[in-house]
């Protein structure tokens, strides 16, 4: 009989646990994620306009994302604390959306998908905080892990 | 000449700042948000199956959301620290999605939209952490503020 | 039929929530707690001996307790964030025990029992960290709320 | 002449310090702890009763414990920050007590007793927070390290 | 006999405590601080040069300062947690120094000098982190509270 | 043509990033920093006087510094989280100044200058918090990295 797939973060009794990764290999691991914020045409125009420097709107989202990557183990209850070796967050205005791409690296026993995902989600929230005064409807329309590499399960990339 | 809309978190020089709300009224304020995680049919079936108790998968997301509401001022650089007076996070399995609804209350000088939004986004991330072992493609397909009440700008509700 | 007592932090569906205290009165509130660490005779003698100044062993526990009082809403998932207006932690060597007494005050919508209790528990842990090199068996033998005042339910004191 | 035992966290001048473990071996290490909360007969009956699901009362304590294990270096002033590789917290109702057992693993230069102890203490506090509305007298009656393995000092187990 | 001045954060026994401010008035309070970082001529020239955008070097310091203001009660052991109502951090290149000016507001029972000072100190550190790769000698040459207003002790300004 | 020196924390587009150190060697690294607080003659005399124990004024600064070393990655946006293996903070009264010397060690891929610097800066702030009631003019007059060792760039020491 085929074994039922398991929710690895739950014990046999269905109780939350931080999975034991003690015996996994320390290897270089990397993950990337994408977050997309939908904004109004007026807000997009304002962000592109030259009247007032808008640079910090993007900087705040970038920095919030980088810091969230480092805070992931405090935010996601069952995540392992990991020594991140690099993190980038890119914020780009594309039409009436803002695309936020995160990339996180570690050399550790488990992967950094959650760090990349959480960084993207929090950066999206921080960006919305910057523009909510002019665009009440700004909303996150996607956050997802895009690529993952390193570790036993090897490289992986979302097909879109 | 009509005044250009402003990004209120930026100064005239375009620099990030925490907006001065000292002169705003202390009033009861409330906001709610919705987050939606798309999961696979297999994952949805597993969450509904009776073989293993899955309660903690939902509990973890709920608790992560409540704690994120309280951590918002640490996560979103320009948010004011607010004394939250109540927070709920509901996690419901609806077809092949998980709907996460947050509600946050305060009695303070500024609103709690960002707390509701951030709680929803982090709860979505925590839920994905619980199921990623069985559903690599699990992803956030929406996070948005849904209602807001209290304060000078009055009640507001997203039209959907 | 008499109503069954409720776990107030659970909804009717048994789900964790941060209770809504929006309509409670802002009043002066206070709570105190006691923590007791049992140590060995040798450890007690060392702490009393004059050869080396031991002051920081007590200071570390005091400061850890004060900081834990302030961190309670980050540690205890459903606690409300409260603006503490005063906190003391006293650490006293009594025979072969260390008694840690905490007192916490606020002017707010809900009480500070959990702050007093958590401060005492963490101060006990911090004290054990200081002495564990000389006393592996050091252990917490009690942590409890002792008094509470303010709020609708009035003054309360544990009978011992 | 026999050397006096030392409080290793204090310098020769009695000043607090984070002990230098740079030259210790990186090895697999593990520790477990036990916390016991005494509750009333009425509270124990309520937790066992079928009328309302009580699962989240236990989940909240479990998750608070896991997160506290990860926060130990922030809570206990002189603890080293360690990359935990696994953490479990079990919460069990035994008569009129709740037994909370924690287990923490790392592969690092120093042990995780404090992480196991702090996780147990904070989980006990979180459990009391869940039941304090129905049992004001709920109290921690014990928190202690139970076993320890790995590192130069080898395996150790509390005799009870 | 004139009374000896007191260190208000110490009890009569010289023990650290968070001072009780429960009976102080809730009033609008404000404080500002100045931090100065000395940098090399080469570093100053690089920051002024047009070849590469340098905006984020300043943004990072600003945002680190704003977040530090909010974290003050976690960083400074005996500080009260306060609901900040506004915070600005300005970073300006002046000759071969970087001047960082912080302004913090609250409506609360105690003042925000420590928030202004800590924000300035941490912003200085964050700025040094940005430039240390090109200027190893960058150093903080001053951090001080400059003005304070509100509360019983009234307005105050450092004479320079 | 000589290459222009780079701000390593900025990308080619001038955007903040956490530098990728994945390929750097894991080596023993160490850094020390100095912070100096200038106080009034009256305050210095009070700290030296025998009437009331003043020990906790120094302990608070020491402990705040040690904890800040551990919090550096949360405070300085682009710092890597590092597993510190040792930290000391010494606080000494020298004439009308207080000298705070920090020393931080790790075995990791990048150095700990920022940890040493941030620990010194926050310890200075915490010390000022202790004495500000008797010395409003207390101020930081210097914070700087003093030595650094380990890693590719080798040993370094500030010439004074």
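A few points about this structure:
Chains: A, B, C, D, E and F, in written order; residue numbering restarts at 1 for each.
The rule is simple: a residue touches a chain if its C-beta (ideal position, glycine included) is under 8 Å from a C-beta of that chain, and two chains touch if they have at least 3 such contacts.
A quick note: this is a predicted structure, and the numbers were derived from the prediction, not measured.
Shared contact partners of subunit C and subunit E, listed by label: B, F.
Pairs C-D and A-E differ in how many C-beta pairs touch across them, and the larger number is found at C-D.
With centres set at the average Cα position, the gap from subunit B to subunit F is 36 Å.
Averaged C-alpha coordinates put the centre of subunit B at 31 Å from the centre of subunit D. Remark: subunit A and subunit B have CA centroids separated by 15 Å (rounded to whole angstrom).
Looking at subunit E, one finds that residues 15-16, 55-56, 59-60, 62-63, 67, 71, 74, 77-78, 81, 83 touch two or more other chains. Pairs of chains meeting the touch criterion are A-B, A-D, A-E, A-F, B-C, B-D, B-E, C-D, C-E, C-F, D-F, E-F.
By the touch rule above, subunit E contacts subunit C in their complex via residues 11, 15-22, 73-74, 77-78, 80-83, 108-109. Of all residues in subunit F, those touching subunit D in their complex are 28, 58-59, 62-63, 66-67, 69-71, 81, 83-90, 105-107. Subunit C contributes residues 4-10, 12-16, 42, 46, 49, 51-57, 59-60, 63-64, 67-68, 71, 74-79, 113-114, 117-118, 121-122, 124-126, 128-134, 136-137, 139-145, 156, 158 to its touches with subunit D in the complex.
Residues 55-56, 59-60, 62-63, 67 of subunit C are the ones touching subunit F in the complex.
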